[in-house]
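Below is one structure, written out as structure tokens; comments come after it.
Residue numbering begins at 1 within each chain, and the chains themselves are lettered A, B, C and D in the order written.
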Amino acid sequence: MVGALNTYVTPSGFWNPILWLIAFLISLLLAYIIWSRGEKSYKKETEQVKPFFAGNVIESKERAHVRAHNIYWGFVEALRPYYMALKRIHTGDVNDYVAWFIGVTSFMLIIYFLWGVKP
Amino acid sequence: MMYVLLALYIIAAPFIVGALGILYGMVLKGIDRKLTARMQGRVGPPLRQPFYDVLKLLEKECIIPENAVKWLFNAAPLIALAASITTLLYLPIGPFPPLFSGNGDLIVILYLLEVPCLAILAGGFAAGSPYSTVGSQREMVLMISCEFPLAAAIIALAWKYSSIYPGLKAFSLTTFVNNPIWNNVGVLGFIGVGILLIVMLALSTSGLGRLPFDIAEAGTEISGGMLVEYTGRNLGILYINDAVRVVVFATLINAMFFPYKLSPLIANYVALPLAASLTIDFLFYLFKVFLIAFVTVTLMRVAFPRYRVDDVVKFYWGIAGLATLAALILIVMDTFFGW
Amino acid sequence: MSWEEIISEYKPVKQRPRRIWVNVPKEEVYDVIRKLREAGFEHLSAISVTDWLNEGVFEVTYHLWSYSIKTLLTVKTKIPRDDPVIKSVVPIYGMSAWIHERELHEMFGVVFEGNPDLSPLFLEDWDGPPPFRKDFNWRDYVREKFYSKERERDKAYWEVWLK
Amino acid sequence: MVETEKKVMARKLGRLVRAVWIFNWFNSCGCTELLPVVSSRYDMERFGLIIVDNPKHADCLIITGYQTIKSIKRVVRIYNQMPDPKVVMALGSCPITGGMYWDSYNTIKRLSDYIPVHMYVPGCPPRPEAVFQAVGLLVEHVRKLKEEVSRK
């Protein structure tokens, strides 16, 4: 059992997963102790369990679901010039992408042969 | 026999650190609310108010919404609080080294800082209410945007240590504490580390979800965001978790940037027994944590309105990101050219 | 076809430098408004109805504003009170007209043909006659609906009313 | 009330009173008149009262201003969604007796016909001090309840 308790050491960092797990479970126990002192009951089938929708009624579970299509609005809005440039590059036909692929790899190869670390 | 002691130590450690985190976190929350009120010309609640809040929340009914995933909905606050307390185990508390000093480094802390956000986010999605889903989506964007500068700042400092002290472990907090960063950087490095400090302070405001960046629990817009469906004791645990995270972030910044002790200064005037110097250092640590929490939470809360989602991303990926890269370049120039 | 010619045949009345009223018969009001829209009156600021009880007529007024011409043109038309039906202007002005017509339908009972959805706007599950009509006696309505004779606390109201 | 139930209620209300979280249903006169209660001159936070943004976090539902037939449906739903030890405070004369809209066809006359109201604060508009006096009465009531329970 003790063998598992040794810490994994790497040149820059070290970590002991088993100890971490034990500590996490014990803190979970501490949190559970505080949690269990609270009130458990609630009125099950009444209006109380309906999701909060500013007083209105949500007809069905599907209506309560919010699609995530605009989740990245924040990013697109903030980095608009970058995304616009990206959009221009993505023309959609494959040979453009293949051309990009060949171009980049050849560029990398040239750099590698000039200054690359010899094996 | 040794294993019994070890086992006892492992079991007792989370309780000690948990007690410290929860009690001091709540006291800090009380002070924060009182200072915010005083800064707005109000009288403000008594300092014991957070304790009253939690006691009341534990008495309320704990509603589980109808289309919620029951087990995840209840487990999320517990996991969040457990992760926050576990993070404290790896952080140096004042004069004492971290309780698990040999077993976890900055990378573990970096991940443990994210686990509470992820847990509450999963709880928000599990609640199945439109407001909490939108709140969780916003929290995802917030987490993604502030991961990049946080990781960059920590790696910049760790790289600095690895280049100055090749023998020591770069990512271990004990190296951070034993040789403070400000002493062994040149002029450029000093500016770089200063920038990193400001970025870390800004990050802790968004990590705690406090006012300029509380888009995930935006009160007026999505009425409570991820925490909409939480009531009663679940909300109480989230309240405590929020308090503990203030202590966690402040201790991390204190360990990384201000690991100084008060007792050596006093020691050369009056001889100090070990116990006295330890208590002085511990009180000095508590004061530093209060100062950091005051700057990151209270000042920001009083001075700034809430940002929009894209402003937050623009700030963290734009300004904070570039600042961290600039700081990294300054530190690199400092180590290589020794200016 | 400038807007002056469109309304010239209906004897426009110039109230003030930028206020012009014109009375248009019920049949031609839809075409006049459509032509005015093309002539530059893009903004439908309001539709209102006045209830002339003794003449037995509803007067529907369209308040049109133009950003370029900078004039408020009020097109008025009369419809009979007993079967108040008129062609809806939603195809011309879209949603702004829809909201106004929905409210007028609820408050006066005017039927707008061609309006996509005339559901009640303010008065949910309203059982009385349209309340803005002049012949609607709202005191009696309130008395029946909210105050009952038997209840102890409502006695004071009834004494006031019966006196 | 059974003895233990009263003791439980006394304990719950005792804790609720020190940290009342308010969900405000301010419309018409409430919104303009009740803002000083929150602002720095009267500052309700010194009693531990804060305004919360949804009914599931709240203990006290403050309703001010007249309620139309359309809005009272929402009020009833909001009231049902609040977790249990909850208090309803009707502010201003409109929720109490219909106020100046007593003979209007679209407003409801008495709030207590639709949801149980625990505290009435008269006034058109009600003064901020009246709100604090109402909370004070709630504290008074709870203190009496606790004394009665402890005496038994």
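Just so it is clear, a contact is a pair of C-beta atoms (placed from the backbone, for glycine too) under 8 Å apart; a residue touches a chain by one contact, two chains touch by 3 or more.
All of these numbers come straight from a predicted model, not from anything done at the bench.
S.K.: Can you check which chain pair, B-D or A-B, has more C-beta pairs in contact?
M.R.: Greater number of contacting C-beta pairs: A-B.
S.K.: Please compute the C-alpha centroid of chain B, do the same for chain D, then give the distance between them in whole Å.
M.R.: 37
S.K.: Using Cα averages as centroids, what's the distance between chain A and chain B in whole Å?
M.R.: 20
S.K.: Distance from the CA centroid of chain C to that of chain D, rounded to the nearest Å?
M.R.: Spacing between the chain centres: roughly 40 Å.
S.K.: So what's the Cα centroid distance for chain A and chain C, whole Å?
M.R.: 55
S.K.: Can you list the residues of chain B that touch 2 or more other chains?
M.R.: If we look for residues of chain B contacting two or more partner chains, we find 58-63, 131, 223-224, 228-229, 231-232.
S.K.: Which positions in chain C touch two or more other chains at once?
M.R.: Correct list: empty.
S.K.: For chain A, give me the residues that contact two or more of the other chains.
M.R.: Residue numbers touching two or more other chains: 42-43, 48, 50, 52, 54.
S.K.: Throw together a list of every chain pair that touches.
M.R.: A-B, A-D, B-D, C-D
S.K.: Name, in rising order, each residue of chain A that touches chain B in their complex.
M.R.: Listed in rising order, the residues of chain A that touch chain B are 2, 7, 12-16, 19-20, 22-28, 30-32, 34-35, 37-43, 48-54, 58, 61, 64-66, 68, 71-75, 77-79.
S.K.: Under the definition above, what is the set of chain D residues touching chain C in their complex?
M.R.: Residues 68-70, 73, 98, 102-106, 108-109 of chain D touch chain C in their complex.
S.K.: What part of chain C is in contact with chain D in the complex they form?
M.R.: 122-126, 128, 131, 138-139, 141-142, 145-147, 157
S.K.: What does chain D use to touch chain B in their complex?
M.R.: Against chain B, the touching part of chain D is residues 11-12, 15-16, 18-19, 21, 39-40, 43, 45-48, 52-54, 56-57, 59, 83-85.
S.K.: Can you list the residues on chain A that touch chain D in the complex?
M.R.: Contacts found on chain A: 42-43, 46-48, 50, 52, 54-57.
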